[in-house]
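Next up, some structures in structure tokens.
Below, chain A partners chain B and then partners chain C, in two separate complexes.
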Partner chain A sequence: MMEGMKLQKEKLNDFLDGLRKEKYLFAPQKEGESLQFSPVSEESQVELDFQNTIIPPKNAVFPQTETLFTYQIGKLDIELPEEDRERVVLGIRPCDARAMEIIDRLFSWDEDDPYYFDKRNKAALIGLACLEPCINCFCTSFEDGGPASTAGLDVLMTAAEDIFILQPVTEKGEQLLSEQDLLETASDDEMKTVEKSHAEAAEKLQRKIDTEGIPQGLPGLWESPLWEKVSGSCLGCGICTYLCPTCHCFDIQDEVEGFDGRRCRMWDSCMFGEYTLHASGHNPRPTRRERTRNRINHKYAYFVDKFDVIACVGCGRCINYCPVNIDILNILAQVKEEL
Partner chain B sequence: MKDINNPYKPHVATVEDTWYETYGERSIKTFKVVFDDEEVRQNWKHLPGQCAMIGLLGVGESMISISCSPTEGEFLRFSVMRMGKVTQALHELEPGDKMTVRGPYGNNFPVDDWKGKKIITIGGGIGQAPLRPIIEYVKENRDDYEDLTVIYGARSTGDLCFREEIEGLQEKDEVSCHLSIDLEEEGWPHFVGFVPSLLMEVSPSPENAIAITCGPPIMIQFVLENLKKLNFEDDQIYTTLENRMKCGIGKCGRCNAGSLYVCKDGPVFSYATLKQVPEAFA
Partner chain C sequence: MVDLEKLRQTAKDIVSRDDVKHIIGWKQGTYGFRVEPHFAAEPDEADALTFSPLCTNNLATYLTLAEKLPVPRGEEPDTRKVALMVKGCDSRAVVQLLVEQGLTREGVYVVGCPCSGVVDVKKVEKMFPDILEPAQAYWKNDQIVFQLPDGEKEVSREEVLPQKCLLCRYPNPVIYDELLWDEVKAWGSEDYEDVKELEAKSPEERWDFWKDKFSSCLRCYSCRNVCPMCYCEDCVLDRLNPTWTFRSVNLSENTSYHLARAFHLAGRCIECGECERVCPVDIPLMKLNRKLYKEVVERFDYEPGIDPEATPLQASYRPDDEEDFIL
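Entry: the complex of A and B
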């Protein structure tokens, strides 16, 4: 593998211009008060000094709303969308990249989802190591997880004083870096500084969960009063799932304007009642108790059962943004007590 | 984007024939449809128990069980209860109209593994639709199976699907048929009472038998209890589940019961499997 490379921070914009010359570039940018991963254009102000974006960058491969096909009302021809372009996601946090690797397993299970993989296979992920983890991060609770984890990444990027260090992880990443002409080989000292900052960042994490026994034990707590307790204040707003980088559930709807119709899919949430509501009016998950129970079981037991990995990366978003302070680590701690 | 093998892209099919099974607010209409594209028609393979997403462009899709056996011919049959937006729109279709179909989805009843056995279907209401292909399949391969027993009931005569067909089976095809309605009606020659009671009235022997049940959750629950009373083992009992579905290919998430996706791991499950699944009968 190619050695670590460095980029002078002052040349960042030129570097980004180089990347987006031939590829669709997603990077964090200010949108109103918050940062979001969105396509970079000439006018974009890419922001790399942040903890993490509120909305995860999963939209780069799994858009919040996506057209499956279009048609004309009254006609039967179905028009599929154009193939997607090669893309680079720059500044993705290691937890969010790991999340993509996790949902790859679902989207490739038995048969590939063509819309997802049309983007995913064309995406190179340039991760940005976390040097200042946020207060509710718990990525080191997972095997492969950590503020400088390379799982799922093609390149790991780390900010140092006035440079960025870029370390290729995959061949795709190496290829991508070799195409850029603003990079120089980093010195041994610079690489050592970066390694040190990675280790220090891991030490800064304040929260952790020992997941041992949870996947096997969770389904056994099906009738435990704990589910009523932990879901009691839930508003059913769904933010824990919308902002979750491993949540992948979607709805499919037809949208019609005049004679133009399209069938599209959009992020959906298992925390909504309608999600499982049968046409008959029967709902297998009638209250927030059952929905919360399903959410936790899905991430920590069902997904493990099917795909051999916990569908949680410890990004902390569901804790940070829950309007009523429901805390997944708190729920898991109660689960552990009952095991 | 490539056209081939796009699992979300439906095929166009023409309604060849359609008729009402039941009337009223929640009427049930059966559609016999044929794919417009010759190639699609020839490549389509399904087995009893599988489902398809049927729908209309501009309205949406619903997962409906395929209610015919592949042995019946190069067409598909769906019996659809009018419940929501999509099924309402489907009910407006008449012969010659178009609908969209994609699939087939899910696993199937292991009809080939059941060869040499006695087959008992126990259905309630619209739950007879996924059982019908088993009956047709066994009829077509009659020598491969032992006795075929059809137990079927609905709330009233007005709610019974396929009544004439089932009554006809008794006479022509050496099938033992048992029908019921919940409450007495004038002129009704068959059993009066709930399906689980009819099952006890028929009291099939579990010896070398497979029992398959489908119907409302409450009926399934009591049928299971009664099958246990009749000494059926868990792996002699099968059912087919339904849940809200959108994709049909195990991606959209919503049809899970525990770690099983009904659209891929099901809809057909043995009771031996379902007993381990916490949400199976929710």
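Entry: the complex of A and C
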């Protein structure tokens, strides 16, 4: 593998322009008060000094709304969307990149989801090591997780004083870096400083969960009064799932305006009552108790059963943004007590 | 003055009654400045109840949010009262629910907590970042005092209160069965400066403003779900046949969603500001709601959520109504 490379911070914009020439570039930018991953254009102000974005970058490969095909009422033809372009997601946090690796397993479960993989296979992920973790981050609770984890990444980027260090992780990453002409080889000292900052960042994490026994034990707590207790205040909104980098559920709808129809899919949330509502009117998950139980079981038991990995990366978003302070670590701690 | 001892004792007495199911109040959350709703059904569970400038949630929403499963054959439905702790704004939701007959007076026992304004947690977390240890706060004259691991910090109310509290005209519960402590002096005045600021802009400028805000909406529906006045069992926005608002998340559908909600809240919004508090992308929804609030006050001389005997705005008619806005 190629050595660590460095980029002068003042040359960042030129570097981004270079990436943008051939590819679609997603990077965090200010949208109103908050940062979001969105396509970079000439006017964009890319912001790399942040903790994490509120909305995870899963949008870059799994858009919130995606047209599968369009059609005309009364005609038999369908029109497929244009093929997607090669893309680079720059500034993605290691937890969010790990999340993409996790949902890859779901989208390739029986057959590869063509819409997802059309974008995913064309995406190179340039991660940004997390040197100032958020208050509710718990990424180090997972085997591959950590503020400088390379799982799922093609390149790991770390901010140092006036340079960025870029370390290729995969061949794709190496290829991408070799195409750029603003990079220089980093010195041993610079690489050591970066390694030190990674270790220090991991020490800064304040929260952690020992997941030992949870995936095996959770299904046994099906009828536990715990679920009623932890879901009592749930509003049934979609914040925890929409802001989750591993949540991947979608709904498919035909939307017709005049004679123009489109079949599209959009993020859905298991916390909505409508999600499991049958056409008969029966709802197998009739209250927030069942929905909360499902959310936790799906991440910490069913997904493990099927894909051998916990579908949670410890980004802390569901804790940070829940309007009623439903705290997954608190729920898991109660689960552990009952095991 | 907030008296936590009295609050907990009152709650214990209430939940000990046979005709009360539980009391809904606030308790210390799992970290930092977070407070969470607490449902105490037994007297010992009432010990966790608290009241402070961190008690932001409007708990009245839980009166209508509970999903009721069909009662099994041979069993009687639970008709016990729900006891509820309310701030001034929250109490207006109770009144409006009574006005709309979404609730019966016998079904609820209201415990009033006069309030000097609750904080905007986002502002507080920005001011004191990375505090994981549960922190507390209390009111002291015109200050809010935060008890942090490294000592107490006093902050002026203006710095940490959300606008809905700075403008509040009803800090004292307008309906209650029991009031926990002395009423506080109201401070707000109704001049709608915030609404006038937007009204002064041209339609193009206003559209630019809202376009920007609505574009970032995720349609997580937290604003709708937290709203104590959004309690339709079958929400028009969930309808698929016919579909009034597509599920696609884009500016057009997001605008349709927010305008539908704003119209349905005209003459009903009680200004608790919960929609704005919970929004993960900071859409200033109260600007929309307050615009309609102002219209309703000016056109119909009607304020929702004040008088439990009132007729709902949409159901009221006055022969002397000028109707000069109808073409």
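The rule we apply is simple: the second predicted complex is superposed on the first by the 339 of 339 C-alpha atoms of A that agree within 3 Å, B and C clash if a C-alpha of one lies under 4 Å from a C-alpha of the other, contacts with A are read in each partner's own complex, and residues count from 1 in each chain.
Following the convention adopted for this analysis, contacts are C-beta pairs under 8 Å (C-beta built on N, C-alpha and C of every residue); 3 or more make two chains touch, one makes a residue touch a chain.
Everything quoted here is computed from the prediction, not taken from an experiment.
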| item | value |
| --- | --- |
| Room on chain A for both chain B and chain C (clash or fit) | fit |
| Partner chain in contact with A:R207 - chain B first, chain C second, else both or neither | second |
| Partner chain in contact with A:P284 - chain B first, chain C second, else both or neither | first |
| Which superposed partner A:K119 touches (first chain B, second chain C, both, neither) | neither |
| Touching partner for A:D251 - first (chain B), second (chain C), both, neither | both |
| Partner chain in contact with A:H198 - chain B first, chain C second, else both or neither | neither |
| Touching partner for A:E111 - first (chain B), second (chain C), both, neither | first |
| Touched partner set for A:E83, first chain B, second chain C, both or neither | first |
| Nearest Cα pair across chain B and chain C, whole Å | 5 |
| Common interface residues of chain A - those touching chain B in one complex and chain C in the other | 251, 253 |
| Residues on chain B engaged by chain A in the complex (per definition of touch) | 1-3, 5-10, 12, 57-62, 83-84, 87, 98, 217, 242-244, 246-247, 249-254, 256-259, 264, 278-279, 282 |
| Parts of chain C lying in touch with chain A, wherever the complex brings them together | 29-32, 34-39, 57, 61-62, 65, 67, 69, 129-132, 212-213, 215-216, 218-222, 224-226, 238, 243, 246-250, 274, 277-278, 280-282 |
| Complex contacts: residues of chain A adjacent to chain B | 68-69, 71, 73, 76, 78, 80-83, 106-107, 109-111, 113-116, 118, 219, 222, 248-254, 256, 261, 263, 265, 268, 270, 275-280, 282, 284-285, 290, 294, 297-298, 301-303, 305-306 |
| Residues of chain A that touch chain C when the two form their complex | 31-34, 36, 54-55, 64-65, 135-136, 206-207, 232-233, 235-239, 242-243, 251, 253, 255, 264, 266-267, 269, 272-274, 286-288, 319, 321, 323-327, 329-330 |
